[in-house]
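Letters A, B, C and D mark the chains as written, and numbering starts fresh at 1 in each.
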Amino acid sequence: MKVLIANRGEIAVRVIRACRELGFPTVAVHSEADRAALHVLLADQSVEIGPAPSSKSYLRIDAILEAARKTGAEAVHPGYGFLAENAEFAQACIDAGLLFVGPSPDSIRAMGSKTESRQRMIAAGVPVVPGLSEAVSSVDEIEAFAAEVGFPVMIKASAGGGGKGLRLVERKEDLRNAFDRVRSEAKSFFGDDAVYAEKFITSPRHIEVQILGDQHGNLIHLGERECTLQRRHQKVVEESPSPVVDETMRERLGATAVQAGRAVNYYSAGTIEFLMGADGAFYFLEMNTRLQVEHPVTEMVTGVDLVKEQLRIAQGGELQLSQDQVRFSGHSIECRIYAEDSSRNFAPSPGLIRYLNLPQGPGVRNENGVYQGYTVPIHYDPMLSKLVVHAGSREEAILRMKRALGEYRVEGIETTVPFHSFIMDHPDFRAGNFDTGFIERILPSLNESLAQGTASLDAAVAAAAIRAFEQYQNVQRPQTESSAWRRAGRMEALGRGNR
Amino acid sequence: MKVLIANRGEIAVRVIRACRELGFPTVAVHSEADRAALHVLLADQSVEIGPAPSSKSYLRIDAILEAARKTGAEAVHPGYGFLAENAEFAQACIDAGLLFVGPSPDSIRAMGSKTESRQRMIAAGVPVVPGLSEAVSSVDEIEAFAAEVGFPVMIKASAGGGGKGLRLVERKEDLRNAFDRVRSEAKSFFGDDAVYAEKFITSPRHIEVQILGDQHGNLIHLGERECTLQRRHQKVVEESPSPVVDETMRERLGATAVQAGRAVNYYSAGTIEFLMGADGAFYFLEMNTRLQVEHPVTEMVTGVDLVKEQLRIAQGGELQLSQDQVRFSGHSIECRIYAEDSSRNFAPSPGLIRYLNLPQGPGVRNENGVYQGYTVPIHYDPMLSKLVVHAGSREEAILRMKRALGEYRVEGIETTVPFHSFIMDHPDFRAGNFDTGFIERILPSLNESLAQGTASLDAAVAAAAIRAFEQYQNVQRPQTESSAWRRAGRMEALGRGNR
Amino acid sequence: MKLVARYGGANIPIEVQREGGGYSVTVEDRTMHVDLVSAGPALKSLRLDDGRQYLLAHHQQGDQHEVSFGDATVHLELVDPLTLKRRRVEDESTGGANITALMPGKVVRLFVAVGDRVEKGTPLLILEAMKMENEVLSPREGVVSVVHVESGQSVDNGAGLIDIE
Amino acid sequence: MKLVARYGGANIPIEVQREGGGYSVTVEDRTMHVDLVSAGPALKSLRLDDGRQYLLAHHQQGDQHEVSFGDATVHLELVDPLTLKRRRVEDESTGGANITALMPGKVVRLFVAVGDRVEKGTPLLILEAMKMENEVLSPREGVVSVVHVESGQSVDNGAGLIDIE
């Protein structure tokens, strides 16, 4: 089965690797900016589908289907992002006679809308964050709601957004005042004084559950992923299992996730995202009807290859495991390596990767999307690669990640590797003690930490001074004895020359 | 605990990685030829211990102990090879007040001698290849022996060697004739007509069992490794589990290996090597009282980090697992990547590694001893790195290995990567159907296969012709428009320059 | 050879000499005996007398040196003592500022034009790269003398954007 | 541009032209429209019209080209038609053979001296590298004219060992 991958970067590479192991030929598609991208180099065939902007290439359904037709592809894997959760694209693939490696367009559609998915989850008995589904006209209705779900509650302007027109209320006495204020703000900001209320989850964690189903009605879960560490709503570090989920909780989360999946007749790999309060209560947030960026941590602890399973399921295959056969072993952590400068407020850092050394050795997995000599373009997401580790326990996994980050070297552009080292060292992270606000809270101490590192100022001065000394010597006596710097030069020259 | 690693290459790197994950500072030792070797670069400290030849550096007990003294090291890990099975070295470390990360000198000594270890195994009830322990003077004694152990038997000159003075006997009728012939050959070749007999194991496999014990009397096994694929008595590909060992057999092998270890009061990691006949009967061959090259395949299927365990055990720690807690999961294969030219009868291929791309992605582990820009020296073993994969089943592991070998690129020197691809594709290997003669038997078809590969002759011609065309264009019009070849050149120049 | 290293606002005297197969480097009153070898195309291994070692990458632009250790980077300037003396005189007359792009990207908005008076911290333009907008602020007060770019234009790393006098 | 490719004992006519952003290459009567880009410091990606692609490394010494695909390597010679004609004339007068080291190593034994008559396959010397001894055989019959090395000497890859006339 020839598979076209409608994506780029590390996820396209991931899918190509899975296809190769299944003996499926692969077709990469790419924008004009991506001819030398790693996913293009690794595929058996490749087709250019448009100019650099995604809207003119990776989001062009017609161009992708044309590439499939031209190369005789029989299936399309959408990866994540781009068209992965676009029901129209899934349908267009099916209409073109291609297998879509994902769920049905109906499942995508049902879970794609916040309001529809919330309604369907409520109907299926899946807990959602308690809230008033309609705007209220009096504070009494909110008081009744708060009496039911408990404080704190958040009063929100129905037309709100951008952090405006909302107010957190901790005590009953403050309700009326807050209600009046939000209404008046809503009126002045949005010209609409409708307000509603939601339960506010204090110090929440973001916990998600991987589900996997086939087209024959089998649907299982593969445990949870801890995705609480986020910066600007972007996940930074993920792990499995979660340090706050025990076996009983895992069974409850898993059963709820399977229930959610069943409600939309789900098949292929999918993820149910939950918000979990400090009290362990959890609420459905949304479903991602596709492979997740952080899927490898689940693969490491369960031994299931999710991408191969997706491909087998798309072909009509049955699940290879029943729920009883799923075994969890050890602990896995993933760090997303971005082309961003941790020391300059995460400014993007595209450009030529002059040198790249990926960490290796036991328990280390690189899901790399780039290579040495590649120029990271300015047009796309700054994620370069994912670094994943697996070890017997959480503590060992953290130390392994720290070791691996120490081997990671990227020259030419800046990356978030030092930021991840900082997180791995943080006592609260080590203790598993964090919520969704953790990253923002620790950022102020990051720069201080970055300034230190293992760097020896004297060593740096020595290296630079020797270089200056050698340059001076070369000017004075061009044919002096060999030096490390010139030996280095010769080695590079050798490396470059033809033999 | 500061650890000195008395070794080089990939195993020294492996030990450094384990130490780092345990928070132990590391000291590398190196010969004059190895200042820029990977193990030296990765260690926290390093000490030069002598000239390039091993006898003047890596085998110098005094120089190594002096390096430990100078750097304040508290423990010594010997790796494998060099001084790893030298009881005198182990004793010298202990005498110098250092922890020796391995078994006791007594265990090393007991298993170091072929004859002593055989006697101790017989005494402990461990099966050895049946043989007459002393020379015989009449054919009747051999006949009685053959009646006891069954045909075929091998008649051997006691003073023999180099494949001379031995004869395989399949039937009783041929015994006398063979006996007379071997005696006369023995007389004429070695001047000594003493002969003896051994049972001959037909189509044997080489199966070994990993054991692990602490200094408190706990000793467990971690299953078997299939090491049958050898070339000139050098292992080429190893895997765990063995395709011919089922759970019952694993328990028998494991129990026998633990019995063997107990007979010499073994602690730390060790390996019992067995010869296994086509009938499943197995016989003790020898014990390796150290970490084995192929230890990673056991780590992949059991989740146990053998090097970390060795370090913990040396510190007096107890085993973290009981035999009942050992779980086997999936299948792992290791390919040893040598600097040898498969297409020229495995001629050594040292030199500068101009370009190196290690395979990555799910289930792939590189135990690398080299890096891009490193010059592989002529003085040592040609093993560059080990490529290890893990997957759910043997079939998936083979396909994963094949995929990973496809990503492996080494420019500047030749390696055995293509040879491994050839093995992975071989139907008998895929069927698990091989014995110790397999590699020698398939070598004649190797060259034929190498000539093919995925190479397209037309693609090669096109690439070369475009290069020639560009060179011609440059001569004609030095400032013509940009070309891929010159873009490449510029990219390299950028990579080299200072910014 | 004597040099002056400038970092953290201080001028530190340095002396470098060849010594056996390596070098002796004195920083202020601390003398190190070091050994330096290439480790591939980008890295070098620097070893001190006690065996401690660093895997580092070195980049240079004129007298500006950047030494990267993987998890941290040190920036410093190395000049010979004469240059330093000359420089001190020049420093008296403060010059302008040339603002350059710190990353390749696209100018999506321009806030200033030639002749505008700017304070330190005044937003000058927005540079977009990798789905993120980055505001470029004026590093000092002054008057915009040149605007090198226009809205919508793509720029390379290091390209001149705006000059302030 | 017209070329002749020599491999497998045959002379194959080749024509290369620039075409759009890529090239058209004709090998005998087969015309390919190809696209070629750099992929890092050592590799290039070559793509044919139908999207099939190859990640290859190219090395060259004079007219000798080596194209490596990772699991297989193709050696070929590329000359222009005129050179080929000239070469044919030279080939008539058979020359000698200069045996060079195919790997760096150490000469551990020398079997021949200047003036010795050798057959094709006569062992000339043993070169040791990485714990293995490698016998170097004479590629043709003739007389040893120069011995460039002595026993115990270390040699680099490509170093001259013995000349035969």
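The rule we apply is simple: a residue touches a chain if its C-beta (ideal position, glycine included) is under 8 Å from a C-beta of that chain, and two chains touch if they have at least 3 such contacts.
No experiment lies behind these values; they were computed from the predicted model shown.
Contacts with chain A and chain D are shared by B. Most remote from chain A, judged by the distance between CA-atom centroids, is D.
Inter-chain spacing, taken between the CA centroids of chain B and chain D, is 34 Å.
In terms of their C-alpha centroids, the spacing between chain C and chain D amounts to 47 Å.
Distance between chain centres (mean CA atoms), chain A to chain B: 39 Å. Contact with two or more other chains is made by residues 37-38, 40-41, 43, 55, 60 of chain D. Each of the following residues of chain A touches two or more other chains: 42, 354-355, 357, 371-373, 406, 491-492, 495-496. Chain D contributes residues 1, 3, 5, 7, 12, 14, 16, 18, 23, 25, 27, 30, 32, 34, 36-38, 40-44, 46, 48, 54-58, 60, 65, 67-74, 76, 78, 102-106, 129-132, 134, 154, 157 to its touches with chain B in the complex.
Across the interface of their complex, chain A is touched by residues 13-14, 17-18, 20-23, 42, 296, 299, 303-305, 327, 329-330, 352, 354-355, 357-358, 360-368, 371-373, 375, 391-392, 396, 399-400, 402-403, 406-407, 412, 491-492, 494-496 of chain B.
Against chain D, in their complex, chain A makes its touches with residues 27, 35-36, 40-47, 70-71, 371-374, 495-496, 498-499. Put simply, chain C touches chain B in their complex at residues 35, 37-43, 45, 47, 50-53, 55, 59-61.
On the side of chain B, the complex with chain D involves touching residues 339, 343-344, 347-351, 354-355, 357, 378-382, 405-406, 408-409, 411, 417-418, 421, 450-469, 472, 484-485, 487-488, 491-492, 495.
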